[in-house]
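Common to both upcoming complexes is subunit A, partnered first by subunit B, then by subunit C.
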Partner chain A sequence: MRLKRPTSTNLILNLLVGICALILAFPLVWIVMTSLKQQAEVMTWPPTFLFVPTLDNFRVLFDVAQAGATSYGTIKVDFLTPITNSVVIALGSVIISLLIGVPAGYVLARRDIPLKEDIAFFILGFRFAPVLLVVIPLFSVFQAIGLYDTYIGMIWVYQVVTLPMIVWLSRSYIEEIPKDIEEAAAMDGAKPVRVVLHIVLPLLKPGLIGASLLIFLLAWHNFALGLILSSTKAPVTVALLKLLNPGVQFYPVMAAGLVVTMVIPVILIVIGQRHLERGLTFGAVK
Partner chain B sequence: MADVRLEGLSKAYGTIQVLRNIDLAIDHGEFVVFVGPSGSGKSTLLRMIGGLERISGGRLLIDNEVVNDVDAADRNLGMVFQSYALYPHMTVRENLAFPLRMAKLSKAEIDTRVAQTASLLQMDHLLDRKPRHLSGGQRQRVAIGRAIVREPKVFLFDEPLSNLDTELRVQMRVQISKLHKQLGNTMIYVTHDQIEAMTMADKIVVLKDGVIEQVGSPHDLYHNPASRFVAGFIGSPKMNFLGGKVEAAHESGMDVRLDAGAVVCVPVEPDKSLVGKPITLGIRPDDFSPSSAEKDIAIDLDLDLDLDFVEHFGSVTYVYGNAGKEAVVAKASKPDPLKGSGKVRLAASPADCHLFMTDGKALRRLHAPANWN
Partner chain C sequence: MTLQSSTSQLASPKDKAVTSAQDSRLDWWSIAAITPAIIVLLGFLFLFFYGVFQSLTDLKFGRPLVHFIGLNNYAALIKTGDFWNSVRATLVYAGSAVLAQAVLGLALAKLFATDVFLARVMRPVILLPLVLPPMSVALMWTTMMDPQNGIMNYLLSLAGISRFAWISDPNTAMFSLVLIDVWTYTPFFALIIFAGLQGINEEIKEAARVNGAKGWATFLHIELPLITPYILIAAVFRLIESLNQFDIIFGTTQGGPGNSTSVLSVRAYITAFQNLAFGRGAALMVVNWMIVLIGTFAMVKLWRLVRQRVG
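Moving on, here comes the complex of A and B:
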């Protein structure tokens, strides 16, 4: 059944949707525009919407050879290293989280262990805890045991962000697989390992791809952990902030860095969109 | 093929005892049906045999080997679940091949067996479909196919037909019975539908509250129910139960005065200690007939018939009414004689009557019909 609305109501509703879109799109458009402008153009007020776009800012980000010579001075930026760092850390975190989190999710979904709900809630609780809660105690510990500013150390602490999500999501995905199916496989002669390999994992695959994308993004956008626990291995989010030098502020270069930082997740989202939707809505629909 | 023996099997979840001291012997090629009301422990017992539920006490033997601690995967049994439990990400062909792959059969062997099973169950044309593109009945057939493809020792069925509509249920019932004849395997089948039990079983096991009430052939259970519970559970419509008092016990049986009036001499093994005690007389609706003076009928009941409660099944008609304060159902061979009358006399032969003591146990009948097997 469809409700028939007067055209005026429709108009207002559409307008509201338009305003929402505008509010959300505004910073995005602004940043993209800034990244294509020259430093001088950025500072003008009122802002110009008509300008000759330049890719110079992007060149500066990656052009280590010319040491970032621009028309308005020289800045030394090495943006490739933080991007590599971010990729290694985020990807590593996802892989480690999958390896640990999915089995943990399985146990929480299927086995009767004492205090199951409490354990599950404690793990999820980390999602709501401020990251600094772990960062500050870890800072001195990491320096003492030589994990400060290493990939291993970073991937380790990033588990605070990624692991609870994977445990929680994979638990709910596994709960959606009827237990009968696993039991049927056992009756069909499959030992537990083969049940997991042939039945559980294939059924989990779409959900896990979505969940992996989701936690990759969480890791990618994390800022506090990298800021405190790394320097040369700092992720891209930290590197972006460093572009805000005291003194000169290279807004267009920073905007270009932001665009690059955003583009990578956007590409991932586009590739994995189908799965991501499933990852987000999995537990919601029966 | 295999025989299965349960020796004092029990199951407890924590402190809750759900099965107690189950003794049962199942022979080669037997079709055994577990029946009982919801929560009586049928599924739990079946799952213990299958290896899906840990055994809390007693011994389970398959082919004279204790298998209490053998993994489900190693018991070589086939099981059909109520939910079918097909592998949703696999085609029908892959579903059927799965048990064979787990048994590490060769590719050629797998193909032959899958093809054989598919044609046995008439589903050759479905092999390349995924389960979600099948109807309920087709899924059911795939589930059965997957259980039999490996030619396991014993088949276990847990209410396999309860998700099907009535017509399909009857069809599948016949198919499973045929399959049993063709394959000759031992089958253990759980249902709460006494008609399925009666029509399919060689041996029925009636469970109630985690204990076996009675084990026997369908004929046995119908004609010699060991308790009031079994008598009421087997047969449809349910057996009538009429209250009464024992007046005398003598060689040919016991005289019972019914609360509804009549005095009946029921041919059961007499027990003098029951004289003067209350007793329940059971009689099946089908054993009633309209009263006629000529016939030698020793029990006459006046039924106040409420004609709103007449059930026509086409071939038979059941009338519902009251004898004294007790509800009675009776078969009426023809609906005509009852038409319009508020009162009807029904008669039955005392030989068709059962007597149950206050604890629910039945007294042995002296002239129960001979077994038809």
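Moving on, here comes the complex of A and C:
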């Protein structure tokens, strides 16, 4: 039932919603604008809202060969490598998490094994793991066994973030599939493995795609693990911080870098808003 | 007749044997399916305990001999003012951020639950701050809070307020960081409270209205008690994460200016990876973890209490 409101109340409510949306969206709009400005325009006071856009800042980020031919002097920025690193690490983490997490989620949803609830709780506990406390000892371990600054090492350590999430999400998605379908197939004589592969998995596909989007996002967000456990294989979030070092005059290039890191998440909202909402609030709301 | 009975006699135990074999085989399948995930996570659990152990040693990077020194790291820590300053900074940051987010998140959720035209259209915007990398959020606000020519000071000047130092002054740095955290994570509260609001039966509200309850009274005495468990569970999640917050603080102030925003996680990083005192750094993280544990425990207790009362 929707209640009828007077037009004036309606107008005020719309206005308030608009203001909230503006507060949430304005910083992003401003950063996009900054990334399209010339160096001189960024430094002016008062800040300008109208200007001739330029892609120069993005060129500085990516055009390693031509570094030096810009208004920033001879600054070399290699932003392509960290982006590649982030994509490789995030995709690798998603694939590994799916491979070992979904079977675990299925077992926790459908099968009876000893200590099931304890195991489920143990896995959820990692949502709150003090990452730095794990990383401090890991640093020496990685140095010792040669995993420091390797993709394999990074993908493995990212599992501390992505794996618990995929286990819990796939468990909750599997619980939503009616059990009767599986039982009927088993009654018809299908083997358990076939039931899972040919009946559960296709039904699970939309949920798994959503969960994959979310854990890709979580992997994309990560900063501390890359900062400590890698140097040449560092993700894009670590490369961003380095753009700040040269000082104030680097703002427009940093803004361009920020835009690059923000594009993927914003695209993900467009494709999977419903799944992201569910994943981001997961654990608090079923 | 004899043949038949003997086959039936034979058949039944064999059937049983088949099903029990199938059962135990199923079980092995299940255990095989869950084992890789458990092994990976047990590895992290082992590292966690190894970290706790390191906090009891004098481990420094490059030092060949490591001694077990018991609680000496902790004893040395609690004697320094810097340590207590970090504890205070951690609690102030997390406490004020979560409190502000709960209040603003409730307001935002109520606003979007009105379901007016713009609320329906703008719904995805709520997600925006949550999907950005926290490091990008930190650097975005660093740019905007630049005291010389940042947009924030320009907006303040439009309102006739003179320049604000934001993250570059010890007196305002913590406030600025809390502001960034609030901008980023208020939507988290809003989403969860929104889900809670939608779960409230229209009939309950209708009954209250028929009985003459005014809008404000309906909210205070009927809606608020029903959504308090949602607010508290969101607060548990946020409290844990903001007590552990590293990215936003490291990306903006790195604990400065001076010591003003040096929360435990940032101090632990600097101790372990810039001063290379791994044992001391691990000890700081153990303290941080215990604060998280105590805070979570208290919040969960409160949540249980409220849920019992609401029923």
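Criterion: the second predicted complex is superposed on the first by the 257 of 286 C-alpha atoms of A that agree within 3 Å, B and C clash if a C-alpha of one lies under 4 Å from a C-alpha of the other, contacts with A are read in each partner's own complex, and residues count from 1 in each chain.
Basically, a residue touches a chain if its C-beta (ideal position, glycine included) is under 8 Å from a C-beta of that chain, and two chains touch if they have at least 3 such contacts.
What you see is a predicted model, and the numbers here were worked out from it, not measured in a lab.
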Partner chain(s) touched by A:I119 [first = subunit B, second = subunit C, both, neither]: second
Subunit B versus subunit C as contact partner of A:G189, first or second or both or neither: first
First, second, both or neither for A:M43, with subunit B first and subunit C second: second
Touching partner for A:V87 - first (subunit B), second (subunit C), both, neither: neither
First, second, both or neither for A:A104, with subunit B first and subunit C second: second
First (subunit B), second (subunit C), both or neither touched by A:I228: second
Touching partner for A:V160 - first (subunit B), second (subunit C), both, neither: second
Subunit B versus subunit C as contact partner of A:L16, first or second or both or neither: second
Contacts of A:L147 with subunit B and subunit C, given as first, second, both or neither: neither
Which partner reaches more residues of subunit A (counting touched residues only), subunit B or subunit C: C
Residue ranges of subunit A touching subunit B (in the complex, touch as defined): 178, 180-181, 183-191, 194, 198-199, 202-203
Touch list for subunit B against partner subunit A, complex: 50-52, 71-74, 76-79, 81, 83, 85-89, 98-99, 102-103, 146-147, 150, 156
Touch list for subunit A against partner subunit C, complex: 1-2, 10, 13-14, 16-18, 20-21, 23-25, 27-28, 30-31, 34, 42-47, 100-101, 103-104, 106-108, 111-113, 119, 122-123, 126, 128-134, 136-141, 156, 159-160, 163-164, 167, 192-193, 217, 220-221, 223-224, 228, 237-238, 240-241, 243-244, 248, 251, 254-255, 258, 261-262, 265-266, 268-270, 273, 276-277, 280-281, 283-285
Contact footprint of subunit A on subunit C as seen in their complex: 26-27, 29-31, 33-34, 36-38, 40-41, 44, 47-48, 50-52, 54, 108, 111-112, 114-119, 122-136, 139-144, 146, 148-149, 151, 154, 157, 183, 187-188, 191-192, 195-196, 202, 206, 230, 233-234, 236-237, 240, 244, 246-247, 250-251, 265, 268-269, 272-273, 278, 281-282, 285-286, 288-289, 292, 296
